[in-house]
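By written order: A, B, C and D. Residues from 1 in each chain.
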Amino acid sequence: MAFRVGIVGASGYGGGELLRLALRHPQLEVAYATSNRFAGEKVRTVHPNLRGPAGDLTFHRHEDAHTKSVDAVFLCGPHGTSAPAITHHMKAAERVFDLSADFRLRDAGAYAKHYKGWQHPHPELLAQRAYGIAELHREEIKGARLVSGAGCIATTAILSLAPIRGLLQEGMPVVVDAKVGSSAAGAEASASTHHPERRDVVRPYAPTGHRHEAEILQETGLRAGLSCHAIELVRGILATSHVWVRPGTTEKDVWRAFRASYQDEPFVRVVKERSGLYRYPEPKLLAGTNEFHVGFELDEETNRLVVLGALDNLCKGTAGAAIQNFNVAFGLPETTGLSDLTGLHP
Amino acid sequence: MAFRVGIVGASGYGGGELLRLALRHPQLEVAYATSNRFAGEKVRTVHPNLRGPAGDLTFHRHEDAHTKSVDAVFLCGPHGTSAPAITHHMKAAERVFDLSADFRLRDAGAYAKHYKGWQHPHPELLAQRAYGIAELHREEIKGARLVSGAGCIATTAILSLAPIRGLLQEGMPVVVDAKVGSSAAGAEASASTHHPERRDVVRPYAPTGHRHEAEILQETGLRAGLSCHAIELVRGILATSHVWVRPGTTEKDVWRAFRASYQDEPFVRVVKERSGLYRYPEPKLLAGTNEFHVGFELDEETNRLVVLGALDNLCKGTAGAAIQNFNVAFGLPETTGLSDLTGLHP
Amino acid sequence: MAFRVGIVGASGYGGGELLRLALRHPQLEVAYATSNRFAGEKVRTVHPNLRGPAGDLTFHRHEDAHTKSVDAVFLCGPHGTSAPAITHHMKAAERVFDLSADFRLRDAGAYAKHYKGWQHPHPELLAQRAYGIAELHREEIKGARLVSGAGCIATTAILSLAPIRGLLQEGMPVVVDAKVGSSAAGAEASASTHHPERRDVVRPYAPTGHRHEAEILQETGLRAGLSCHAIELVRGILATSHVWVRPGTTEKDVWRAFRASYQDEPFVRVVKERSGLYRYPEPKLLAGTNEFHVGFELDEETNRLVVLGALDNLCKGTAGAAIQNFNVAFGLPETTGLSDLTGLHP
Amino acid sequence: MAFRVGIVGASGYGGGELLRLALRHPQLEVAYATSNRFAGEKVRTVHPNLRGPAGDLTFHRHEDAHTKSVDAVFLCGPHGTSAPAITHHMKAAERVFDLSADFRLRDAGAYAKHYKGWQHPHPELLAQRAYGIAELHREEIKGARLVSGAGCIATTAILSLAPIRGLLQEGMPVVVDAKVGSSAAGAEASASTHHPERRDVVRPYAPTGHRHEAEILQETGLRAGLSCHAIELVRGILATSHVWVRPGTTEKDVWRAFRASYQDEPFVRVVKERSGLYRYPEPKLLAGTNEFHVGFELDEETNRLVVLGALDNLCKGTAGAAIQNFNVAFGLPETTGLSDLTGLHP
């Protein structure tokens, strides 16, 4: 049995990745993909990697979306486009998966604070929606009609930190230093993404006050200081979390904490090798996959624990997680359509 | 029903890619993978992208290979390692797929000329072996006990040129100007591949006298001048072929020639778009796939035809082609295990 | 004694490079730099490498340019902006150096053909202007009031081909296959230069019919077929020229031809090494320098001569050449301000 | 008047950069350059950017070094090669500038701890040598016969942190998260620097226990936790320092601290812009220069101060600093030979 899905805002990078995954998912059927900018053009013109799988699939305008009935709709537009139309989408489909930031925060006030005074048009939905990190909210996702995606950097930090909260020393800070590829800034060209300017930079952006701090706080209870750096990479995030554990905490304790959280997780792997070139998580190996890798190193002298988390911002950080959530929500095996996305080497 | 296969020389990049593909192939079972250098180590240590699919698979020494019976063996070592051991391998398995250069040339004398005076130890096998470009030699591959892989640059050039031979002007030259990623030089580190030296170069190597000229001549009858350039890329080849067609030849004639050759080919696509950012073949989009893309532009004023061919040197150029040949040889649908290797964008 | 110069259109990459060179030139004084887009902003905001040398230099509007008297003006705007204003500039300054395409072709008809039917507003100036490759037109540049820059790819091809014209076989073609960094497309962001799209491509553009063919023809008499490829690089061009020499031509003959042309040239070097990692010209080593390097390989069996030419498109290909021409025109030692621009390794 | 200098271990990247700078320095004369590995070969073969300036300069063996008398010698070999030969060098030259790690730490015991139990052969010299960050030790360098270079990552961290020590909150940690280009690992090829493996990684190395922690402690009194990441870059380091200032500290206070330390420093710039693409320090702009740039962002809510420091590891981080120290030591203007090393854009 196939589920019919619609993809709104499908010309961006999140939408394109969702299309890639949806078109290879054995139980999904893409009923429509919308893009006002590219309406009437073939999907394969915008996402040329889909020349084969997308066939003649053509972008519709957003307003033409729901002429076809669907089981689920994925919203892939930028922040501020999902919330105003949400009731419309929720009427049209049994479940809505929003990849934007519009429903990530449970607290409408947090939006006002972190999103430049944005007044959320549907605060009543914030309590009902599920936050779409399946590793933390599997049960809620099953029951939710609206599932929000998580921020890609936030996902990396949250999955790095959640398991070890219990080990942390009171009163000591949490710092997340993230290195981020250029695709995380989206498909829209600008002066800052112009290749000669963007190439080879190690460009700090939002060294303080990054919006994803709000998600990390919400999900882990930790008031992390997040500093992001745009580096020479297209897909991928490595987040280095610097935290302090209670004196006496050993490497074994940290292992145990990660194992307890992740041993049954199909998409999470603890990477900490004694040999080989890739001893810690490496985003390069995860491009195109739905995996999250986590590793760590403990300085027993100072109790500083360095946690290294890696993922592909467009896949596990966005579209792959949405498909994972879809699988959970519709009762499919969680890895359906996501299981043989092996990365490349080299 | 699963076929059992052995992979000899599996720690290099061709071997690693073959492992990736074999482990996801629904009808293949990897009986063993050998590497003298890494014998006793886990495959996943060398090919960390296979941490999931390779499980605890461990490298054996070459000499321990045939203790297990297999239907086929893939030889992935460098030039000069396959031929000396070939009878051994052909006794052990019904079919042998050699990815090295040892059986590419039909003429033993051509080896002496192009491979520094190398005396082929088994010239008698050269006439029987099939040359492993399925698009050109499908029937031979079906019947062959030994299938040679083709050179990755040679494959790009041959698939670019074979369909249009009939259009070419007598007496005019054929030039193939290839741009090649660093993985084509193999997994062995050297001064020339040291990252600070290799990065950002546009390094001509073998501007004249490249070995793959012999394969191009053998397969197309064209005495092409091949010039290769190592560029800033890991996976991928773009070959720009400059040829001259007979006066009066039109774009339509060229289209027709490519279509006649490739319309039913599952892994070949003619790419020549009027819009979008990717109007010609682009190796970046083909990383990890078994596709060959070809496009062209005709200068009707001078009759110069520029043919652009692109592929992933490790996949369609090496290991993917080997799996394709395996499928052909064993009577499986040709796309088995290779069909949903969709590339990434961006 | 210092010469006062104005720089019009100084916010682009050619203008920025010219500023870098002008500010370090011991006998130049930058009287003004204009940019309508950035008028009123500090030069160092747009060209942050000039934070030190540019001090508080601020962009003026174009129309405010000639309120200050100057000895020379450099026009760095895009094609179509220099010609309409040329008489204005020639009144204001003793000499004008135009870096755009507007005065490159001697024949107004060639503009109509190669520049989309563009009608040149000042065809009468085309015969008088000098074409700014000093290695070929030193004497004309000395006497000219208007010196045109050469196209960066054209410069690479022309300096590669001019010395060996006499060796070429009648009736055989000339192909120039160029690999080009992203800065050659200018400072204006667009979809095609968006980092995630532009990175790692080997993107053919204008495989046939490239405008610079007209310059190559004008300067060498050779009807070259030029095919350009945007590769993963910011600064730099490598042009691979494929030509056929008369039977019997030896490597020594080619050496002799290049030596005869270039032995006294301060900015040209023939690179053809027997050892080391950099045996042929390498644009990576020339970033920021005014050097042109040329090397070659001759296939004596087929008489194919492969000439490899490399330069930095913004420096020797644009702004460095303009300073070199300035030095020639004003009777300064030709290397003034350009002599210690040593490249980096690695 | 020219000073004659010798360069020992000149075939590595530090040595090559020193040669580049020495050959352009108006008062330096390179008496010899040594390399056992490349003895007898031309310097320009190993450092092809120096084809012009190095002329026919040829590597000598180390033992042939002091046949020529010199005023100073620069030791550019790896850790462990300088100390055993130090008395030999100090006899031969008035001053010795050691770029290795052998004399960085004042405390011989710190070597035993951080350098795998290394027993320093000349502990008596550690108290006399100057630590070669001129911004902090100008007077000592003037008087010292032996000047040690500082680690490149350590330099970045130390210059980032030294000025703001007085603002820090007691009991709160200091974290330095460094992003480092591949040239910092030296000129020796290895599996981990093989281009296909090294490219595009965000590879953590020494997430805890990095040797440079000892230098940071020695120079700033701060027990910083240093975590380094090899990123896709050749030259350049960006160090992000996360520290906590006393409640009430304002942005103005931080500005004041940096200004107090650096306002008269010729090679240091505080970069914190309100507009433009490069608002914080950017190593890309500093390639080939002797500049250190520092910027910051203060989260007044949490008192986290993020300090961003950038430099070129081979120049300001190694060889440029050595020349700067040379200038100081010999009483030359400190910027001699280093003043017009303007970076490139783009």
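Everything below uses one rule, namely that contacts are C-beta pairs under 8 Å (C-beta built on N, C-alpha and C of every residue); 3 or more make two chains touch, one makes a residue touch a chain.
From a predicted model like this one, the values you see are computed outputs, not experimental measurements.
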{"item": "Chain pair with the higher count of C-beta pairs in contact (C-D, A-D)", "value": "A-D"}
{"item": "Remotest chain, subunit B as reference, centres from CA atoms", "value": "D"}
{"item": "Interchain centroid distance [CA atoms averaged], subunit A/subunit C, Å", "value": "45"}
{"item": "Geometric centre distance via CA averages, subunit D-subunit A, whole Å", "value": "39"}
{"item": "Intercentroid distance (Cα basis), subunit D paired with subunit C, Å", "value": "36"}
{"item": "Where subunit B touches two or more other chains at once, by residue number", "value": "13, 183, 187, 191, 196, 199-200, 234, 277-278, 282, 346"}
{"item": "Complex interface listing, subunit C residues touching subunit B", "value": "172-173, 175, 177, 179, 191-192, 196-197, 199-204, 207-209, 223, 225, 227, 229, 231-233, 236, 238, 240, 242, 244, 277-278, 280, 282-284, 295-299, 302, 304, 306, 308, 310, 346"}
{"item": "Contact footprint of subunit B on subunit A as seen in their complex", "value": "13, 16, 20, 23-24, 41, 45-53, 183, 187, 234-235, 269, 271, 273, 275-278, 282, 285, 287-288, 291, 340, 342-346"}
{"item": "Interfacial residue positions of subunit A with respect to subunit C in the complex", "value": "13, 181-183, 187-191, 193-196, 198-200, 234"}
